[in-house]
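These notes are about the structure you will find just below.
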Amino acid sequence: MNNFMHFRYTLLVTATVLILPLTVSSGTLATEVLIFALAALGCNLLLGYTGLMSFGQGIFLGVGSYATGLSLLHLHVPLLPSLLIAMIIGALAALLVGWFSIRQRGTYFVMLTLAFAQMFYFLAYTMKDITGGDNGLLNIPRPNLSLFGTTLLATATPWQYYSFVAIVFVLVFWLLQRIVDSVLGRTLLAIRDNETRAAAVGYDISLFKLAAFVISGAVTGLAGGLHAMMTGLAPLSNIEYHASESILIMTVVGGTGNLFASVLGAAFYVLIGNWLSTLWPRWLMLLGLLLIAVSLYMHKGLYGVAQSLLQRLKAPCGAYPGADAADNVNSRATKEKHS
Amino acid sequence: MNIYLLQVANGVGIGMLYFLLAVGLSIVFGLLRFVNFSHGAFFLLGAYFSFQLGEMGLNFWWSLLVAPLAVGAFAWLIEKFVLRHIYALPHHFHILFTVGLALVLQEAVISYWGPLGNNISPPDSLQGVVMMGNFVFPKYRLFVIAFTAVMALLLWWVLEGTRLGAIVRAGSESTEMVSLLGLNINRIFSLVFALGALTAGLAGALAAPIRGVEPFMGIEALGIAFVVVVIGGLGSFFGALAGGILVGIVQSLMSTIWSEGAHLMIYIAMAAVMLLRPNGLFGRAS
Amino acid sequence: QSDVIQFGCPVPMSGPFAANGKFADMGMKLMLQKYGKVLGRNLSYTAIDTEGKPATAVRKMQEAIEKGTHFFAGGSLSSEALAMGKEAEKANSIFITYAGADEITGTECNRATFRWSAPTFGAIGQTVRPLLDKLPNAKRWYTITPQYVFGDGLLSAAKAVFKEKGIEHVGNSYHSLAEKEFSGYLTNAMAAKPDVLLLLNFGSQSSDTLRQAVSFGMKNHMTILMAWASGLEQFETLGADICDGVYFGAQYWHAIDSPFNKEFVKFVNSSLTIDPNYSLASSSICTKILLDAIIKANSTDPKAVIAAMEGMKYEGLTGTEEIRKGDHQVLKNYYLLKGKAKSKMRSKNDYADIVSFGKSFLPLDKTMCKIA
Amino acid sequence: MTTPILKAVNVTKRYGKFTAVNNITLDIMPGIVHSVIGPNGAGKTTLFHTLTGTTPITAGSILVEGEEVAHLPGYKRVRKGLARSFQVTSLFPNLSVRENLRLAAQGRRPAQALNPWRRAESLTAACEIADDLLGQLNLHGVAQRASAELSHGQQRRLEVGMAMAGQPKVIFLDEPTSGMGIDDIAEMKLLIHGLRDNCTVLLIEHNMDIVMDISDQITVMQQGQILAQGKPDDIRNDERVRRAYLGSMITGGRA
Amino acid sequence: MILKVDEIHSYYGKSHILQGVSVSVSEGEVVTLLGRNGAGKTTTLKSIVGVVRPHQGKVVFQGDNVVGLPAYQIASRGVCLVPEHRGIFKLLTVEENLTMAARRDSAWGLKDVYKIFPRLQERRKNGGGQLSGGEQQMLAIGRALMTHPKVMMLDEPVEGLAPVIVDEIVAQLKLIKATGMSIILVEQNLEVCTQLADRHYIIEQGRVVYAASNAEFLADDGAKDRYLGVNIVA
């Protein structure tokens, strides 16, 4: 039973990954859902578990794309190493951005990450010899997953690539879930709640925040790398302000403080966006209304809605037991905390 | 005149408009403690309202009065009937809401006025340029500088010199305490939110003859406003003024010194200020 | 095989280039309506909102290809067009575009990608040269350039002409693609006292630059040339007063005197009651090229259609146009327009007169295109 | 005579131009209760802030068992054996009471807390300390409640518990009984008194009943400086202290 | 009877905090609420002024039931709460703190407040954040007076204050009482309570369990022992 409690979200994610192909007819679209879910996971680790609202997640997505792109184009490395490079570069970028931003709190932190996002954008824009500038990096290949010359998993077709991304995704989710359940995760929650006290009982809060930032950067960088392979390009738009904004919105819409919520948020945002855009050229208006509705009526995000639906369904046969420490946070976190 | 002096003068001109654009964002943050991502959309509305009024035959001066008031009234309604219900929520819901609102407004503008931009002429009396030595400056921009300076004084007096201003500042510390003193803080919230939107609308209406109107001018304005308030200090009136002028000057000077980096420099300036003076030039500790 | 031929129209429908998408969508729809059935099969199309982002464009294009669409006309931004061209080649489809970047039919060219719009070389050749002929005393030129590959393309083409003609290039201001405030660059330009101000940016940026230049009274002291104007859309945005006396380079103008254009304008007038602008016209013509090629190939196999397109000559909007086999570039006219005063306009959209036009293209061996 | 466990030498803290703590030199002997009293705004809390590293010091030096700590950040001083409670309750409001204590106990070994793999329950040492304290502070009944949901008095008790959880050598308590009920105060008094078996207690208190009863040594501060120092009886009878601070002593009844 | 609290029930989320509290205050009377930590004293005050909304019961102020009105309306009718943490506006000067609360029809002007608290006048240009704890308490009380309340509610006004300051504040509260103000006082310090109050209520677990006049209460060591745990008998 205890084991099940620890693994229930990972099982849920595995189920989601298996069900997605049945509900989405395009492999590319399904892959995009998972990739953005990864990015949202990274964002949630910061927002939901450390209390850092980062408006700069696009930076890590972008540098992840560039890293994978450059390593595949110029170094001709195999599949996994190129993703590893994306993670490392993402983590390094996060280390840099984090190093400067975590001294700030609340809205100033948000603003500083935003400033960094813009700076990285303009840097990428200016350094066109490396990044391709506005055109981005083109012709990024997508190698198969192979070991000693034997192909373990082909990635050529959209659905093949989806399978690969799905495996990576479940793996990363499991790792992240493990992290947030660990001592580290709990300590991050404490820091989110009260930094002064956390420092007074002996924690180096900068170090812990930086750790969260680096993990987040690595995960988001991985997402960027996967994305670059999916589209065969590393465009400037991945590092743009809009990328940061979308990732943050997905995270908030899904619900903070529970990792699975981010999967819901990303799926919702990507699929709804994709669907709405075919309906009406002014679909962004619908999206805007949706965001307003979420902020007015779904304070725990989609995850909260799903949870209460579930609870209503199984109320007779006993309520859902282990509420995460983080689950009940949204309702009470005060605004002072952020300002 | 030396080219650098010319650019500084020009930068002040741009900066005053930036001030007007950003000051509302700053005031709203000061009281309501959240960053209003729909501020740019109010700027957009101000510009389009004044365009529409012009199309309907109203003269420029009337549009300059009516358009911002209309934006303010609209924001007042939004605050009173919708926004009010989410103050108690965590920070990210405010961002979600205002981002959503900005999207809705922007798309509504496109639906109604079309995706193409439009032009607005300055009034006849402000057409043409003034020549000061070899310094050429459009009359209209000169008017904008003078006008925003007057607005700045007026705003400053309201915020620092009146009891209302004191209540607004008190509310930025503790809203509950203000209501315990028998003051209707909700009304103050509405008022301040509307005032913030009004200044943005005014900036939009003023900017329209310079920039034209175009559905995406809001996003760009929001970006600038962010930089300005962060440099100046969130919630600070003088910060918005100093930040606006500084950004204007940096932008202008850079177009002579290193034109391709003008935009990058704004953000570098912002990051530098945040690292050296974490709360902005005029900000108080958070 | 299904009994419909599916087309895709990947253009920015939302975001800052939404205007483009709106008209491009109309353009494709109109042309498909005009043809009705091809090879006895119905025609259908999907508008694909690229949001102006290459990654989104590619992702949605992949999705469309998964669902059986192989013919795409669109991509108004350089970056998204380049990216989609690559995807078309990978997925055995055809993509024809009217975006600016020279690489599309240059270094990044490929078998599956075609381009209708003239490249930067032609745009400069057909604007700067004729203007120099008209204004032999304009010896000092100042340029304002967006800093990215497309802008650099225009700039280097212009510099080549300056050098050849002994023109003094008195200065250049680079700006980023996010810039909206141009007074600093204009102050700089005024200080250089040029005879001609050459604007090498495009879209709303060029509108902003021109509007602000006019407000600084620059029209009175110098000639202004916008080398890459977007045509009617831009005139509508700016209004006649600002455009009066300014020179514009354009890929298309509704008053072009060619047989097919006349027919086309009439058709658009009657079905949409508007004059075709650049986005609408270019999307239409690209669709037409695809349709004609399908008919010519008598097949919907992309490989066969590509073969039919290569070297195809047809009556187009700018007269007789030809698709060059070596780089898949359409050889067509580029126009120099001059804005006129409101009082001289004979109809609502009669904003400008055509001053000159012609074709200039780099010879194949200089395009750096290697189609395998 | 034993050596002091904590030595403050010429400690000064300035906020801008204002000097909150002015050149204070203080020796704290091990195993005693050392109280700091003084009028509001005298700088007591600020002195605690500088000693524990909550705010950086302006000048001076601080020695813990002879080792200089003045320029260590607060979290590093925890490892040297300092722990504190706050005058204004400062807990992890969304975490359970037990988790609050566990985190505080873990703070002595923060390196373990960086482990992204181990589950918190498996760190038995910290959990045992937490459970132990729940009993001592009589918070068993609310162990699983989020600390924000406790009453003020319960929160004050937890606040003290957070300092105790670090098993410090020197514990700083800033007005631990403020806002507590009368019965709780008596208990808290016993608790603090008991603490000195294991560590040294530095106590800020306005309740003279407690201060006079359990202190071994009292320092009186005024305007950032030390006004008087001595045993409770000396202080009680010090005329300057009476005038500056004690007054007619309505608080805490008979002194 | 100026204020009558009748059987109110209040909740924080699902926890039932006040389970039928009834309290009344007459014109010019000082009443205390006593009780252990967590008994619900603060919650009672918050329920009266509308910060917490009672689910059941009535709060009758000058003949009107005010339950359900927003806090600012109840406050502007003349019920002023000085909360536990005083709520001084740090960014405003002392004088701005006072004037922002002023009512046009208030009998208490700036002068009257300065007369009771001369210290505040010395500090009038200082920022509220620069005051010491005792000065802040004075300012909070003074500011409450500026709103011209008919009932003033003080939540632990001498908590954390030095004995000399406590003396001073108690003396000033006596002055205010002498003007005929009705006061509800929540206080842990029995000495302070018995010096000021006319009547006492003891609250335990959200109910009033004891009510007595000052004289009765002073004599009743048993009650003190039973409800407040003051081991006087022992």
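To keep things simple, chains are lettered A, B, C, D and E as they appear, and every chain counts its residues starting from 1.
Heads up, the rule we're going with is that a residue touches a chain if its C-beta (ideal position, glycine included) is under 8 Å from a C-beta of that chain, and two chains touch if they have at least 3 such contacts.
Listed by chain with UniProt protein names: A, B = Branched-chain amino acid ABC transporter permease; D, E = ABC transporter ATP-binding protein.
As the structure is a prediction and not an experimental result, all values here were calculated from the model.
Participant: State the smallest step count from subunit C to subunit D, taking one step as a move to a touching chain.
Facilitator: The fewest touching-chain steps linking subunit C to subunit D number 2.
Participant: Hopping along touching chains only, can you work out the least number of steps from subunit B to subunit C?
Facilitator: The fewest steps needed to get from subunit B to subunit C is 1.
Participant: Looking at chain pairs B-E and A-C, which one is connected by more C-beta pairs in contact?
Facilitator: Between A-C and B-E, contacts are more numerous in A-C.
Participant: What is the chain whose Cα centroid lies farthest from the Cα centroid of subunit D?
Facilitator: Most remote chain from subunit D, centroid-wise, comes out as C.
Participant: What whole-number Å value describes the gap between the mean CA coordinates of subunit A and subunit E?
Facilitator: 50
Participant: Rounded to a whole Å, what is the gap between the Cα centroids of subunit D and subunit E?
Facilitator: Computed value for the inter-centroid distance: 30 Å.
Participant: Using mean C-alpha positions as chain centres, tell me how far subunit A is from subunit B in Å, no decimals.
Facilitator: A distance of 33 Å separates the two centres.
Participant: Residue numbers in subunit B touching 2 or more other chains?
Facilitator: 107, 110, 223, 260, 263-264 - these are the residues of subunit B that touch more than one other chain.
Participant: Could you check subunit C for residues that touch two or more other chains and list them?
Facilitator: 14, 18, 22, 147, 176, 178
Participant: What pairs of chains are touching here?
Facilitator: A-B, A-C, A-D, B-C, B-E, D-E
Participant: Would you pull the subunit D residues touching subunit E in the complex into a rising list?
Facilitator: Those residues of subunit D that touch subunit E are 18, 38-41, 87, 149-154, 156, 175, 178-184, 186, 206, 208, 244-253.
Participant: Of all residues in subunit B, which touch subunit E in the complex?
Facilitator: The contact residues of subunit B facing subunit E are 163, 166-167, 169-170, 172-174, 176-186, 284.
Participant: Show me the residue ranges of subunit A that touch subunit B in the complex, using the header's touch definition.
Facilitator: Touching subunit B: residues 47, 53, 100, 103-108, 110-112, 114-116, 118-119, 122-123, 126, 241, 245, 248-249, 252-253, 256, 282, 284-285, 287-292, 294-296, 299, 330, 333-339 of subunit A.
Participant: Subunit A touches which residues of subunit C in the complex?
Facilitator: Residue list for subunit C touching subunit A: 13-14, 18, 21-22, 25, 46-47, 49, 51-56, 58-60, 62-63, 66-67, 78-79, 82-83, 86-87, 90, 101, 103, 108, 147-150, 176-178.
Participant: With touch defined as at the start, can you tell me which subunit B residues reach subunit C in the complex?
Facilitator: 3, 6-7, 10-11, 13-14, 107, 110, 114-119, 121-122, 128-129, 134, 136-138, 140-141, 209-212, 214-217, 219-220, 223, 251-256, 259-260, 262-264
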